[in-house]
């Protein structure tokens, strides 16, 4: 929104308008007959579900009557309709109990975004040119059907790839069933911040391949290894609620919170003790703590059970992990290690959690297993104030990784003829080194269900815009954040603004046109039918005590936003698989330390999460909690390092890895290790609406393609980089100063 | 030279000059979209919403409180409807529950006018709207300028037993609704003072 | 005795997550000014989370502090306004009457907390973003000062509702958007004139402090500073 | 001054009124151009919004208020000085007073426009007038801005009267020597002055009353201007020293402006025989005193702030002392003290050129002073998180330049319409002198007997 331009452009527009002598355009628009019966000025609150991150918080949507410009049977006009005015947490929902994070609240702007795709689009001009023409839904679906029916022939020309965000509930059922009906189909779920490592580790240690639910509220001592659990990790709202309770919710009791990480995160900022640790050394540190606890007989090694047995030398009391031995490697003083270990052991229940960068090192799995073992040793698994696992719902891990697929396509090993994209932006979310972009170019037909033209859907041949989450039926089964079993459901909170259709409905429609096994495997006509079916099943299984029949069960679920078990399910550790744990404790880094002198630490932006929210003006203009940066990105550098490099606040800095380089303004802050530079994920979209396109740089693009040993996940914290000053940059800060003591006073 | 400055012919020239300037300003005023004056050029572009007026003239008009008389698409007569024993709240639903009174939609009218007085020209208009699937583009009669920042709420006034006619005139006497009462701040304050209810600014302005 | 609305913020709970900031934008029709204006430091955040680093690596600590209009009882912003656009309401709020404001910006200079925000231009929403605008809150125009109102629209709605139902207002029945959203329940809103209310309890707890209290502005927002760990220390 | 004949004086001083030189017209054109530019800049600001200025959080007052204080300060040149000189019956004042009083009227009217220019919604400025309305809302009398509003209006009215009164006989003089339209106009302005002793008597008493009345008004005006700042709890603003500090500064800059004006008039209107070195000499001495006084005030203010060592004040203190604003600060000190002091202190240098140079630097210095009072304090308030900075835009700069040109323009036009030196007062001076001579002669004769 360039002011000056406004002045120029619209002065002209104004002139013409005035000369034509026409009045306010609104007056010329016809008014359609209202479709719903609402009282003006009176708000109604409708339950919904937040779909912006995997936490799956419950929403209440404030709906009021308003007048919107809509298109009805090809004509533009004004329609009095219920409009979502505000998103708040659903107080009844066990995950977020009426609270909501900034991202969740900004979800409102997704629905009303000026650059939302308003109708199905077909590519018009060369791929990636961003030229599309509007088509009718019938034509669009016909096109998709014809493409897919080719794949159903006896000898298909190629496979069907479906790349989606991690799905749950009936959406997942529908997508997998749809994929299953094709000969060689490759459904895969992609998210940059995936929890694959945690799932693997928890599966191995405790037999639950799920992210943990941490009962912080009851805990007296919390040790977090790099997990930004108050900001973006896992189920932040649930964890924030619990954190508040841990701090001040229990009269006379205040738990301690220690954070180990190389760069102070928003979560680390709230820690009682923030202790920098060498990147990738978290596991070693955890075992160091375990060593002290065992050595000082504060707990017996056997207490750790299976989780401990996965760690080499556990039964011998981890001789290699004596504090003084690991002090250098971890960068943490041995006495600190000892002290923390003693405090943790002395303050039952104590709990350790790990996430984010700590699990995104080459040794991420080892780190996670080590922390699991520490938890087990502290006896905090499946106990109040410890980690529990909500009973798993339908979660089928997709076997194939996007990296593998891309390389197969590029090498010609796999022939993918049709790609369906839903809620995933692989072009933005994968390192350039994966070659996803090239792979997409090789795919003859790409259909996207996206609501926006983003870096990936810009390459699509067909765009079938999905409803916004407020306009569509939703169901979800959160896997973390509450010890209760939670199955959320929500009818549409408002009527669609544009000519869009819900993705599952489109798939079901296509399935029925294709017929055959596919149609049989998807018996429902619409998504809500599918959801209702799942709730009928749920009623048979669990619901009988809460409702007299399936219909009532279904009704109440819709009214309160889902169904949740009354009792808290304490999932006990089910032995766990004897997956061979990785032997190597030490992390590997891509790049020769002598040349690439700095660890490159991307981190989830509190406002943009993984970048999927960079198109929301509220998120762009809200100051980042720590840097206070608005409308841009930055590279966080330790003051001493900056001094050595001759870099000042706001200078443009070039960051180069072995796989690419980028430029961003420097932010000089004390909370980061001198040998680490950090950069938020989220900005740097080539193509993502007027608010995010071409803004800042994307750290993911320069990451090395190494993956976490023993899993398919990307080791996104394992890249080394070199820095150089590249001139003056632009850094928009909301905060005037770093510290309360005014710098001017130094002169005294 | 100084003397020459006062020759009459000079005056005429001055007069002409002034005339030209005034004219120029007038033209500018028409075409220039005002911004600071409460109106932004962007108001011209249909794809942004702003508090701005569309032209300087708009803002000037509002500044002096000039409002043109609303012209209703259908000559709805309150007189007849109320005469037939209908109540205000029959159509203006919600007035006793919330801030605004509902203006009935074409469907609502047609519930009766399916059968009643279907031959009358105005009712034919009504039916035509319904047939086209359009709602009736009623024009506002009352209502505060946005720049007044008044947040009026009907419900408490109804509950306090203030009769509709106090603020809207006696609709029994009106056919098409007219602005019988001028909703100035003074008008509101008088009543608030008499009934000694709050005259705190934030009671209405927020 | 009329209500005296006040707030208490437990900084030991606050995690600087900014939920309150976005909640406020959503509730109060605060426009986003865009990159160019943000660079000129004209972004409007009625509530902002102030962040202060202390110490140098590796001994770094960070303080978060949500700062917004403190609704002072002795507010410097009120007497200086020549038109009564900024004035003290009967319920102890610092009222801001937009239609009275002529934009002297004197109030903003007088305010020691720098929590008053000025509309340097008319706000602009790219359609259809404007459909989100809250009809219960004014949309301010150019040249007008604006600031946190303690969500007066919610207070009014609450009072009208209670009056309609012929009942007393319950403590916690009214919540400003920021308080409602706060994921750690760090913010508590209520009636300071009611000694039973949660906010009074916190305000009179030993921990309560006032921001720049030494200036004698008598703010109605109470800050409970970050606590330290009292567990049995081990050497 | 070599005693001139009354006729000669009249001719000399009326000369500027007849005829317009090309140079004059050219200058007017240039200045007028800038003024028009400034006006259109203001128009653009109203049209586009205050955003076109460089104001931002937390600096909500910038160039406009700086100019406001500066011009109001300048206005203390005339009325105050001439009033004091009248009461002190300093004979050398006679050629000076009118140039001085004119400065007051113009500077004041220019200064008074700035509160309007700086408003976010200038079209609502009428809210400041106390007028009865159905709303039953009056302006807030607790607000220093309202005090300003009244004080400035009072001052404007009184100083206009103070200027006009002694102009009446001169208008009559012009009337008597003109014919046609010109005669008519000046006839009206002369208010039927015929020069009867009665009229002379009334004029003298009126002038005396005005002279006494206007001094407290002038003092109050600038005290109130200072209270616009001193009343707000802003670091380095909230200080008791401000009122006298501002008044002193005002007179300081006022005298400087007066000297400058006189120097220019002398040069361009060829008044060498009327504006004599002695006048500059005396005013120079006054300026010297004020310069010392100014330095004393600044020193006192800074010392107490520094000694008090109150952290919020220190932030402002250091940012001006050797922070980002220090270049401006030290320039100000040079302009207001280090340069003018020696020039004015050393008798050799206290020449017309000398005093003119000194005055020039002082005018600049005093403008900077006002800027440095306003901006650094606002940009460094209590919460460091809210600290900011300020850069003016072309709009503010144009408008500022415009006001300086407007001043010059008004002055030039005035000097073409009214004798810039009070003719009758000068004659009166002459008269007294000759009388004095006669007395001396008589007494010597008497002594001879």
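When the chains are written out, they are named A, B, C and D in that same order, and each has its own residue count from 1.
Criterion: contacts are C-beta pairs under 8 Å (C-beta built on N, C-alpha and C of every residue); 3 or more make two chains touch, one makes a residue touch a chain.
Treat the numbers as computed from the prediction; the structure is a model and nothing was measured.
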* Asked: Busiest chain-chain interface by contact pairs, anyone?
  -> A-C
* Structure fact -> subunit B and subunit D have mean C-alpha positions lying a whole-number Å distance apart equal to 50
* To do: Quick one: report the Å distance separating subunit A from subunit D, using the average Cα coordinate of each chain.
  => 66
* With chain centres defined as C-alpha means, what is the inter-centre distance between subunit B and subunit C in Å? -> 34
* Residues within subunit D bordering two or more other chains -> 48-51, 121, 384-386, 388
* Structure fact -> subunit A touches at least 2 other chains through residues 3, 6-7, 41, 114, 735, 739-740
* Structure fact -> Among all residues of subunit C, those touching at least two other chains are 37, 41, 48, 50-52, 84, 100, 121-122, 124, 126-127, 129-130, 133, 142-143
* Asked: So what shape is it, when you link every pair of chains that touch: line, ring, star, complete or other?
  -> complete
* Touching residues (chain side subunit D, partner subunit A) in the complex -> 48, 51, 309, 311, 314-315, 318-319, 321-323, 380, 384-388
* To do: Under the touch definition given earlier, write down the residues of subunit A that touch subunit C in their complex.
  => 1-3, 6, 41, 64, 66, 68-69, 83-89, 96, 98-102, 105-106, 108-109, 112-114, 220-221, 230-231, 236-237, 240-241, 243-244, 247-249, 254, 256, 264, 266-270, 272, 274-276, 339, 342-343, 346-347, 497, 606-607, 617-623, 625-626, 628, 630-632, 638-640, 669-674, 690, 730, 732, 734-735, 738-740
* Asked: Within the complex, which stretch of subunit C touches subunit B?
  -> 84, 87, 89-90, 93, 95, 97-100, 121-127, 129-130, 133, 136-143, 149, 152-153, 156, 160, 163-164
* To do: State the interface residues of subunit C toward subunit D in the complex, per the touch definition above.
  => 37, 40-42, 48, 50-52, 67, 76, 79-84, 100-106, 108-110, 112-114, 117-122, 142-145, 212, 215, 217
* Asked: Quick one: in the complex, what on subunit B touches subunit A?
  -> 30-33, 35, 40-47, 54-55, 93-94, 97-102, 105-107, 130, 133-137
